[in-house]
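This report refers to the structure that appears directly beneath it.
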Amino acid sequence: MDDIVFKMLDTPQLKEPLFIEGLPGVGNVGKLAVEHMIDQLKMVKFAELYSKYLPPQVMVTDEGSVHLVRHDFYYHKAEGTGRDLVILTGDFQGLTPEGQYNLSHATVKLIKDLGASMIFTLGGFGVIRMVSEPSVLGAVTDPELRSKFEEMGVVFKRGEPSSGIIGASGLLLGLGALEGLQGICLMGETSGYFVDPRSARAVLEILGRFIGVEMDLSSLEVRARQIDEITSRIKEDIEANESEDRKDDLRYFG
Amino acid sequence: MDDIVFKMLDTPQLKEPLFIEGLPGVGNVGKLAVEHMIDQLKMVKFAELYSKYLPPQVMVTDEGSVHLVRHDFYYHKAEGTGRDLVILTGDFQGLTPEGQYNLSHATVKLIKDLGASMIFTLGGFGVIRMVSEPSVLGAVTDPELRSKFEEMGVVFKRGEPSSGIIGASGLLLGLGALEGLQGICLMGETSGYFVDPRSARAVLEILGRFIGVEMDLSSLEVRARQIDEITSRIKEDIEANESEDRKDDLRYFG
Amino acid sequence: MDDIVFKMLDTPQLKEPLFIEGLPGVGNVGKLAVEHMIDQLKMVKFAELYSKYLPPQVMVTDEGSVHLVRHDFYYHKAEGTGRDLVILTGDFQGLTPEGQYNLSHATVKLIKDLGASMIFTLGGFGVIRMVSEPSVLGAVTDPELRSKFEEMGVVFKRGEPSSGIIGASGLLLGLGALEGLQGICLMGETSGYFVDPRSARAVLEILGRFIGVEMDLSSLEVRARQIDEITSRIKEDIEANESEDRKDDLRYFG
Amino acid sequence: MDDIVFKMLDTPQLKEPLFIEGLPGVGNVGKLAVEHMIDQLKMVKFAELYSKYLPPQVMVTDEGSVHLVRHDFYYHKAEGTGRDLVILTGDFQGLTPEGQYNLSHATVKLIKDLGASMIFTLGGFGVIRMVSEPSVLGAVTDPELRSKFEEMGVVFKRGEPSSGIIGASGLLLGLGALEGLQGICLMGETSGYFVDPRSARAVLEILGRFIGVEMDLSSLEVRARQIDEITSRIKEDIEANESEDRKDDLRYFG
């Protein structure tokens, strides 16, 4: 079996499309963001990628049918002054370092063939505390890109993330740069404890400004509030238990 | 050494055989089921598969002789209106994701060459509680297959198994579908704590209806009762120990 | 770099040599045994094997010089009625399952080219208790070999080792059998806690009978007694400490 | 994607250069040492190595730009009687044994093409205690090299390091020797708890004598004192806490 198999569903003709990656990761920020875009812009799937670098399993749909785990590529033909888009999302990231390299390399090759000129990788930046108003960190392939993104609200923190950017969001930029493609990683602040639609929303607000597309982000806010409710209920339960425990402790002396 | 080596023992001429997989897995349900079929239908082994994706070891027989770990392929020529069958079982599943993919891919290629039109993968569905009357869950490659199997008693639970189907039982369906083969995974409910002949029996009852073969399943029921006895003796021992422990605890205060 | 590199030092002309493997393993029984043979029979090294399947490191000699970890092949030209011998030992076994398969496959190919007709793999059989008079278990590639070895004192226990024979001692037999070579694994009983020269001695006593070679095994017995002393001193220390602990416990009540 | 990709920035013409490796490792001694040399000698980068054997990530600079993790090769053209130099450093060592072998093999090939005649690998020798005046251990590819280095102050301890030399510092010597290159590993004693500029300094003092280059090592001493301060502050904190704890303990009886 070939290490990586593309199943092409369509051959889109695009004009210097922007490429946007949103695979699973910290807080699932990148995946939530691109799934929202795919839905809002009614994007069209044009390719599936299967690979032995992905987990050896099928996913089961609500209807009880299965499909091999995969990466999916979508495109969007812009109307008017907007930019053509290509999006990557999927069930999993590559399992091994070698798999990560080969998958990202195959993706860079595909988007280069489609004429892409700029890479956006989307992800979460875990801060290990609850975040109510997430800012969006950036890291760029080319220092000259920085000021343009700072004007749009992207924050650059000296040397952050200090441990680098791991996985597809890092590799697509690094391998893309070796092939002459510019790019930026947009990282929404997130606790890292839960999936984080609010962080995804913050990332999309900035991305939307750049690509000149109006998106309705209210459904992400609705999901964020649902998660707020769940987390505050968990918090209450923990506090209630703790005060129970304290009562129990006192009994020994009571 | 080649990654995968087939040792062909026979070249069966079959008519659109059904392919059935039963490798080791949860509760060993799939393997117990197909071993019973091989025995009942006096099936003939026609191929052995050796591979560096299997553990680096030999098995030792009761008589003290060794054989390299392997996968075994059997066939059954139907009499009358029945269907020709091909069965896969073996000592182990592939050790790595890449190994799982390559082994399943090689198997799909083999059964396609044999003219197989439909894949059955058999396994256990772990529910982490004792099950006295196991139902059989299904997941299909094609939504249109579902109603036919529901009529035969297969249960479809919305989005279950929620973590997908992992290993050969998933991959053979997923990779088979990419090659145009339809299939179903039949999963017998099982605690997941023990090998489970009763769950294997439940799977075979449904499978037997589909393939039009009468099998005597009583020996599986005998083995199931033996395991019932072992588990209730273990349970009694645990309870006896616990009540001993409680007595011990009381002595401190006695 | 090639996955496996042979560095040939000599081209021995041998007559149906017996091949004997003694790589590191349980109790280091196999390696101790073959190192003793190499020393006693003044065997000649004729090949070194280097491989990326071995650990990425060099060994440091007492004199402060380094050599890349490797497998070493030795030969012995028999005088009179004895049998020519080829021996494999080395610093480590392969690190991964795939590495184990490829290394054993390369070795089988080498010894077939040398005309070998029979494989002896030597190892330890861990019994997790101290053993003063180790017996030697056997497992054969061909049931017909069994009685001949039983006559020489090899013990065959029904289905043992129940978990199979793992690593080079298993694979060389399994892969060798696929290439038409007969073989036996000789496993000296050993606690598994220490290196075990006494178990190595037991294995060599039986092997010596088969290959018709007289070897002085007294130095192995000397090393065994040194280890006996160390283990009984450790045992005494533990017991002394335990009785100290008991005194300490009593002080709380004293 | 190729397993290893060299990006050549320059084609240096060198005369039997000495090759010096300083990748990350115990106490980061080797990397600190070569970074100091690169800085002091104003060495010129002539090659970058990218590989799927390195971690799948980018590093982020203080300015917020990213680069794929890599190995860097520098050269130095000697003036007068000195020796030409080639240095290897990088962000990480290879992640897997196979990766380590392939990376070191590619490096040996590169430096052979450049005419290198001698390999120096630099690292730390962890002694699990604080070291104020680190000595420098050596291990050589060829026993004849030993006395020359002993005269320069390198220490050879019988059979040390007893577990061998692991990673690039070992493999470059081992693989280099197979290709006819001589070499030495210089290991500065270090606690192994912290990065250790003082150990790097000790290594450079000896290396400087051999290569006939005067280097100002005072900045390494400055960094060493900064780390001394940090470690003594940590030590004081621990002791203060311990005495607090003891007071707390006493309260139970107070």
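Per-chain residue numbering starts at 1, and chain names A, B, C and D are given in the order in which the chains are listed.
By our rule, a residue touches a chain if its C-beta (ideal position, glycine included) is under 8 Å from a C-beta of that chain, and two chains touch if they have at least 3 such contacts.
Here the structure is a predicted model, which means the values were calculated and not measured.
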Review point. Taking all residue numbers at the chain A/chain D interface, are over half used by both copies (same) or under half (different)?
Key: different
Check your understanding: Just curious, how far off is chain D from chain A if you go by their C-alpha centres, in Å?
Key -> 37
**Study point:** Rounded Å distance, chain A centre to chain C centre (Cα mean)
**Key:** 53
Review point. What graph shape do the protein chains here make by touch: line, ring, star, complete or other?
Key: ring
Study note, to complete from the structure: Those chain pairs meeting the touch criterion are A-B, A-D, B-C, C-D
Point to revise | Residues of chain A touching chain D in the complex | key: 94, 97-98, 100-102, 104-105, 138-143, 146, 156-162, 164-167, 170-171, 173-175, 177-178, 185
Point to revise | Contact set on chain C toward chain D in their complex | key: 1, 5, 7, 50, 52-69, 95-96
